[in-house]
Every structure is written in structure tokens, then in C-alpha cells.
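Letters are used for the chains, namely A, B, C and D, taken in the order the chains are written, and counting of residues starts over at 1 for each.
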Amino acid sequence: MSLLKADGIVSGYGEIEILHGVSLAVGAGEVVAIIGPNGCGKSTLMKTIFGLLEPTQGTITYNDADITGMAPHDIVCLGLSYVPQADNTFLSLTVEENLAMGAFLRTDNYAKQAEIVYDLFPDLKERRDTKVSALSGGQRQMVAMARALMLEPQLLLLDEPTAGLAPVFVETVFGQIEHINQQGIAVLMVEQNARMALEHAQRGYVLASGENRFTDDSKALLANEEVARLYLGGAA
Amino acid sequence: MTIEAILSSGILNYLVGFLIVASIYALFTLGLNVHFGETGLINFGVAGFFAIGAYTAALVTKPLPTGELARYTQQALGLDQPFLVGVIAAAVVCGIVAVLIGIPTLRLREDYLAIATIGIAESIRLVFNNEQWLANGSQGLVGIPRPLYDLVPPAYYNYIYLGIVVLILAFVAVLLERMIRSPWGRVLRAIREDEVVAAAYGKNVFGFKLQALVLGAMVMGIGGALYAHNAGTISPGVFEPVFGTFIVWVMLILGGSGNTKGVILGAFVFWAIWAGTQFATDALVPPALSARAPYFRFLLIETLLVLMLLFRPKGILGEERFVSTLRPR
Amino acid sequence: MIALVVDGVILGSILSLGAVSLTLVYGIVRFANFAHGDLMAVGAYVAFFLVNTAFVALGFPDATFGPLSFGLPMLLALPVAMLVTAGVAVSVDRLVFRPMRQRSYAPVMFVIGSLAVAFAIRALLFIIWGPEFHFFTQALRPALQLPYEVRVKPDQIFILLACLTMVAGLYLFLQRSKIGKALRATADNPDLARISGINTEHMLVWTWAIGAAMAATAGILLGIDAQLRPEMGWNLLLPLFAAAILGGIGNPYGALIGGMTIGIVQQVSTAFLLPTYKPAVAFVILILVLLIRPRGILGSEQRGF
Amino acid sequence: MTTDTTDALLEIDNVAKSFGGLQAVQNCSLQVRRGTITGLIGPNGAGKTTLFNLISGFYAPDAGSIVFQGKRIDGLPPHRVFHHGLCRTFQVPKELKQMTVLENLMLVPTGQAGEVLGAAWIMPWRVRQQEREAYDKALDVLEFVNLAHLRDEYAENLSTGQKKLLELARAMMTDPQLIMLDEPGAGVNPTLLTSLMEQIERLVAERGITVLLIEHNMAVVMGLCDPVIVMSNGEKLAEGTPAEIQQNEQVLAAYLGGQNR
């Protein structure tokens, strides 16, 4: 049974249609990667799923409930968290406070969940009282993910978690994603770092020009030569 | 009725006085239109330039007090110059003040100019209020000469002055309209819309903003000078922010910010509304509260501005579609 | 001179309270609110009405606290005035600024709107209470004699302590409470706040309420120290903005230092200038700051053109 | 892969820029040769747009130098950079909303006598003549980008795709040495895209303008650009002909991730 299901999504900005009918599904506890050349509509898909853009066609269901066109504020309550690509931390707040903001909707004491999250990111525990603006890019990405985990989501949406990070951090971030998944949390990530993403995912979707191009097991995608060629030269 | 009787009738006199003041306010509105309407500069200190213009004109055209008068009136200078010299001096001094205030603020975000212009307006008022030697302190100056006063009998003088004011207003309006609706004005409007684009296409944004600030301030200075010669007497109390600044903003938004005809229309329409509210408050406000009646009128115009901003931000006329009138059609 | 500095600290503490609340509002609503000074005046007049009219009519005892010029009625009036002022600010936001937000107006329109609100509030104060000065009390209290010929009124010590308590309270609120942290988060990154499930419209209501309540307190304290006039808010506008900009606009802790600095400089300037020049002194400091350290004050790398 | 430095129009040497701890551009050195259409590609976050902002004067670099036609331009304000002969467009269209399409274009030409305060009074003939020239040129450009029918429309009423074209049209109003295009093809429909590519080629061939463009559409890059420069993590990773780039292991790795170290 799928946790999240998007069916025939048509979406974009204003009059520019970026997605021309994309479908995907994420099962409980799965790690799924969306890859594809720049401009193929990966981020647009993420924003549409999370209610930041409204699709002109298609439906999105989560746990069998229709969430198409719902406000992000309400989607968060359902157990779906989103880490945007840029500006994804509160820079002037401390690490601890960023986590507290992630747990804003919780009415109980969130300390227990904070401990669980800190166990996932031991680096952050040491720096819990440091302002995020003093952290490195890789650490900030961890704060962003930690914030999104505070509501104990069943599914985490990650938009380009390694964009702009130094290579040494890229592996760390993927390691963290694996840890998160081990807690039983499903992950749907958009990545330009396609090889690494597929190595850490069970399944992958390859988008091109706003349409599904390939859908397969990640090992099969990694072996597919056409996928590799898509990145340089075949995107039109 | 004889012509003389008509000319000196009360209603007509009232109308002429009304038109003179409305025309002077139209000059302030034209100046503010260069600032805000065209360039997007927030000047909350119109009253400051109003005051500087009025005092400059007074000090340049008045002679130094002599004899008995000198015991009661102090003024730093009294140049005894003709009317037009005073008007030009008022414009020049306002322009210089605009440069001084523009340099620290125009590179920063728009709120800073707003705060700084309030500052200059308040400070100017404080200086004229407290510095007795400069322009007779809080009592202000009286006996500011009126141009061409000996031409006709005093009862008809207002017609002459109305002519002078309307001529100057027309001159300034035509002058400004052509400048605004030329490539120069196009740059100003581009800065108002997005100064990043203007800079990316090679326009010296700071330079153009400064030109606009100075030009608008000079027009306000002319308005101030005409006010001083009309009233014949000025004191710091005249340049309170409600009368000096706020009313001008309401006129600008009402008539149509960015449209020369619109802002002149706004000045006249608003001044008519303002006069109308006087009759209304006289009739409606109980005599016991009559001292507070003006504040009912203020409340009314403040509400009017908010309603305009919310429901008709483009004013009566709105902007002309094309900036440049020099282009081919 | 030391006496002037001491006076400056008292004035500075009131300015700090005003500037801290001004800058708090600025950080969230993101425009310069020119009606902030007038919210201070609203607070002062509401307290005046309670203490000198309502409570008297209700037959409250008019006892004063020891050497202070006021008593229990004032302490009761303070929270009521804070609430009323908060209500005024929230209503203004609902009637004027929220429609503008919904129509995504440019920031300049909000600034012009706030000027209209400022004058409207002032006109209402004139209509209700008239143009004359008002005093909370006519009673004169002896000043305390301190070393170095410093004379301090007991009221002034109360003012200083009250301001410091309020600012400290705000600090704790922003640092410790859930809403306080959410306010800082919203000021920092409104989009991310929304994604995290924070309702930013609620945060705006909180901001206006807290900012106005603090402004009301500052207004009342100023009324205790000096007198009440309908234009008191307008006269405070320049010192308040100068303090907020000096401290780095949007930064409450900077505004505290800025307020103290402006207060002390204003008072010390009276040794050389007429006291009526105080707003002009604030203006000169403002211009100097803009000339010398505008970037440090903006706190960002954005370039001017 | 060798670059002849003698005909370098734009030389970027060891430029660095960070934002509050995040290194957006670092040790970036690259050159744009005169008469080329140089493509700048790289994954998101590689620092391409930051580099554009550094070159065009919207940011001052923390370190390094930017030399254009033998003159240093780093640290100059944007309008001075423009007058050195360097023009840019914006990734997210920045149309002047309450101005017509035509006047968005007529703003651009340099040396307009009418931009001097009062020129409309002092020398109306000259201003009028220049306005006619600007008008004719603007109409030509609008004709080309298929916006001529919208010339008197307010720019804010255009669709996003049309705004993108307006962005390009504005750049075409100038006669610079170098045009920097930030994703000119994004959101433009395929038919128009083909003619857009032709026009860029004509700019180079007929008017001798050099072009530096950021583009994500690989068909555009590979069909139009030579050389192609690849950026990754804020620095230049590789440079070469489209064919070379397509076979470069390092580049493949940077895009696909994995072994780029």
C-alpha cells in the first residue's frame, strides 16, 4: 500500500506549465529518489506535493486522504514534513530553537523527540546552543532535516539535500538519510547528485521535461546507460 | 450691479482666496509628485521645504526693520529684493537642503528618507521657533511685501495675486510635465519600479534620485514663497505636519500619484472638500466642542487617505500610460 | 553634568522601551510604523482617563505609595491601558494593514498608511481630551539628594526599574516562550515558519499586541515623568527611530543601547542648547549614524546604488 | 582545452564570495574569449548566478579580480560596469511593472541626451531624434521576440514566458561587448527557443557581441555554445567543446554525483 500517491500532476508557475502529468508513489518506510536534469521539474513536483503550488490537474493522496490543494500548514499536521532546498533554517536562532520551531504544532513536551533527533545527529547535540548562522553548510542541512523530524513524520520530503555542499558533506548527508530511514520514516528526495541518491534509495523516478521518463529499481536505473546520457545532451 | 460691486462681493472674494491657496498647494503637490509619484521617494517633510521657502522669500524681500519696529522684530537679514528674486532664492535654498538630506539617505532603503525628512521638517520648525535673531522666533514675521501691490486698489489686489500664482503654477506644471515625460522621467519611473533594473542598465540610481529630490524640493520652495507673500505674515506654527505635509499627501493620492494633471486636480478637489468640511463641522459640532472642531476635520481626511489607499490607490486620474511624449506615435 | 547624565538615563530608559517595541514590530511587519509614538500616547491617555476620571468616579482611594506620586490606581490602570492599546493596534492592523497585505501592496503604501493612522490617532486624542497639557497628579514630591549634586525623584527610580523590568521581560519572553521563539523565527524566515506550521497571521497579531502594550507602558512612564499632550507621540518619533536605527533596526537588543544613548545625549545637550531642541539632537545623531555606519546598522550586505 | 589569454574579453581570477559562512564562489578562475558564445553550466548551487552578480557589480568579491577588456571592474557599482560594455539579464524576470513594454525597452539605450535633467527643454530636437531611433530599434526587437502586439501593454500584464522574452529584448537594445544571459530559455516555448538561439548566434556573427550564458537546457548549450565551462561547488571544474564536455568523466561525476573529488 502506498503512503503517498501522486497521479497525473500538471503544475507550474503562473502560465508556465512545468509538469505535464507526473505520477509517483511512495510506500511506507521506503526511500525514493527523483532524479533528472536541471529544469525537469523535480522541485516543482515537491512544492506541488507539499501544497506550495496548486496543481491544475491530478490528485495527491496521503494515507488514502486527498491532500490536493491543501495548505502546507495543514499538511504538516498529517505527518508529512518538507525540507526546502534553500533558506531551510532559521539562521538567527540556535539549533535547539530550530528544533523547537519544528515542533511548534506539538502540544506535548517535545523533549523526548528532541533527544531522538539528537541521537540521529550527534554533531548537533554538541552545538545545540549555537546559532545556526555560525554553522557550516553541511551542519545547516542537518539542522534543516532535524527540524523537519520534530513532528515525527511518516514521510520526509527532501529537496536537493546536498545542493551546494562540499563533497565531504555529501556522504555525511546521505548517511543521515539512511539513519532516518532506519527509524521507519519514508523519504522522498529530489537530487541532482543522481548516482549517490540512487545508491541510497530503493527506487527511483527519472523525470525529463516535466514527464516521467524512467521508473525502476534504483540498481536497474544505475545500470541504465540511457539515464546517464540524459544528463548531458538528450534533454530537449 | 456694477463691475466694482461684483469684484468686491464676498462670495467672489472667498472664491479668489480659495483659488490662491489651492494653487499654492498644487505646487507642493507637484513637488511631491516628482518625489513620490515619479521616483518613489517618501518625503514626509513637505512642511520643512514649505517653511524654508516661505522664510527665505520673506527674509530676501523684506527690508530690515528700522526705528520703533526694530525693537519688536528681529531678523537675521532683510535684503529688500524684488518678489521674483525671493521666489528664486526660496527654490535655491530648498534645493541645497535637499542635497544635504539626500546624501546620507538616498542610498539606503526608502524608510530612511521618510524618517530623515520628518526630522528636517521638525528641526526647521524648532530653529525658527527658538532662534529669535533669525526670524523673530515664535511670533514670526509680518509685513511681507506683496508684489504689484500698488497696481490696483487693495480691495481688488487678490485678483492680481491670483493671476501671479496661476501663472507660476502653469509655468512650473508645464516645465515639470515636459521634463517628467521625457527620457529623464522614464529613468525616474524605472527607479520607482525596480532600481536594480535601472542600475543594471547603466543608470546612476543615486544621481537620478538626488536630481528628483532637489527638483521637487525647489518646487516646494516656490510654493512656500508664494504662501508667504499671500499671507503677508508667517510664523513657525503654520508649518505643522498636518497642514504642511499630510494634506499634500492626501491631495497627491486623491488626484492620482504620477499624473501631473491629476495631482493639480487633486489639490483643487481636496481643497474644496476641506472647505466643505468647515461648513459641515460648523453646522454639526456642538458649540461646546467648537475648539476641537478642526480635529474632526483632520480625522475625516485621515480616514479619506486610508480609504483611498485601500480602494483607489491610483487616484481620480491615474497614471498616463506613456511616460515619454517625445517619442513618435 | 552628572545630573544631566542621570536624567538622560531616565529618559533613555523610556526611549529604550519605545524603541525596543518599535523595532520588534518592524522586524515582523517589515515596514517602519510611523504610528508607534501615537500608540504610546494612547496608552498614556487611557491610563489618565482611568486614574483621574473612572477610578475617581468609582470612589477609589487615592492613596500614593510612600514617596511616589502615584498609588494603586496607577498600578491597576497600567495593565488595562496596555490591553486597550494592544486592542487599538490589532484593530488598526485588521482594518488597514491586513487588507494591504492581502492585496500585496508595496512597502511604501504601508508606510504612508501608518502616517495616516498616526495623525488619525492624534486627532482622536485632541477630540477627546483637548489640546491642553494633562498631569497624572499635581502633587509635588521632594527629590532625593544623592552625592555629586544629583537629584532624583523617587518616580524616576520607579521609571528606570519599570523599563528595565519590561525589557528584561521581553527578552525572557522572546528567548524562552514558545510564542517568543516563533516570533523570532517569523522575523528570520517567514516562509520557513509557514512550512513549519506556524500561522504567521497569528504572529502578526501577537507582534502588534506586544509592541503596543510596551509602547503604552513607555507612554505612561513618560506621562508620570513629564506631562501628557496629544502630540507627545509625534515628538517622540524622531528619538525612537534614531534609537532603533542606531541599534540596528529590527534588533531589539540594539534598540536598548540606542535608546539609552539617545536619551543621555539629548539630556546632556541641554547644557549647551535649549531643551526644546531635543528632537533636533536626535535627528542630528540619526544623520550622523546614517553617514558613518549605515551598513553596520543595516546588518546586511545589500548594496545601495 | 587551452585558452589563448590574448583575446580574453573577460578574465576572472581567483574570485571568492561567501554569504555568512556559506562559500558560494571560491577560487573561481575563468576566461571568456572575444567572439564566443560561452556556456556556463553546472548543478544547482554551483555558484553560477552568484558569479553573474559578481561580474555585473551587484556583489563585490571577497577576493580575486575581474578584468574586462584589460580594465579591472570588480567592486564597481552596477551602472559603471554596464558602461564598460557589459550587460546582463535576470533569471527571474524583473519587468518594470507599471511601464509599457515599449518603454521597458526604450529605457535601455546608453548616451540618451534626454536623460539629462531639462534636456527636453534645452535640446528637444536631439531628444526627439534619439527617441525615434530608440523607438524604431525597440519595435525591431519586439518584432523579433514576438511581443510587438503587446508594445503598449503594461509589463505587469505579461505572462511569465513573455516577461522572460522582455528580459532578453531589453538586453538586445544595447550594443555591449558582452551580454550575460541568465537562463534565457527557461519557460520559453520550443518554437521560440529555436529562433532565440538563431538570434543569439546572429548577435555574435553580425554585431561581434560576445555572449556568456547560463542555461540548464542541454540542447541549447550543446547546440549553441563553444566553449562550455562547467562550474561545481563554486569553482570551475572543466572547460571544453560540447563534445569534450559530454565525454568528460569529471563532469559526468559532478552531475551524477559520486566520484568527483
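Assume a contact is a pair of C-beta atoms (placed from the backbone, for glycine too) under 8 Å apart; a residue touches a chain by one contact, two chains touch by 3 or more.
None of these values were measured; they are calculated from a predicted model.
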Completion exercise
Those chains that touch chain B and also touch chain A are C, D
Handout entry: Centrality ranking, top chain (CA atoms only)
Key = C
Fill in the blank from the handout: Between B-D and A-C, more contacting C-beta pairs sit at B-D
Fill in the blank from the handout: dist(centroid_CA(chain A), centroid_CA(chain C)) in Å evaluates to 44
Exercise for the section: Take the average of all CA coordinates in chain C, do the same for chain D, and state the distance between these two points in whole angstrom. Expected result: 48
Handout entry: Approximate Å spacing (C-alpha centroids) for the pair chain B, chain C
Key = 32
Handout entry: Residue numbers of chain C (touch at least two other chains)
Key = 305
Handout entry: Where chain B touches two or more other chains, by residue
Key = 196, 198-199, 204-205
Fill in the blank from the handout: Touching two or more other chains in chain A are residues 91
Completion exercise
Residue positions on chain C within touch of chain A in the complex are 178, 181-182, 184-185, 187-189, 191-199
Handout entry: Residue numbers on chain B that touch chain D, as the complex places them
Key = 175, 178-179, 181-184, 186-187, 189-190, 193-194, 196-205, 211, 215, 319, 321-324, 326-328
Handout entry: Contacting residues of chain D [partner chain A, same complex]
Key = 20-24, 43-47, 159-161, 186-187, 190, 216-220, 222, 233, 242, 245-246, 251-253, 255-258, 260-261
Problem - Parts of chain A lying in touch with chain C, wherever the complex brings them together - result: 50, 52, 72-73, 76-77, 82, 84, 87-93, 97, 100-102, 104-105, 147, 151
Problem - chain D to chain B touching residues, read off their complex - result: 56-58, 77-79, 82-83, 87-88, 90, 94, 96-100, 102-103, 106-108, 110, 112-121, 124, 127-128, 130-132, 134-135, 152, 154, 170, 174
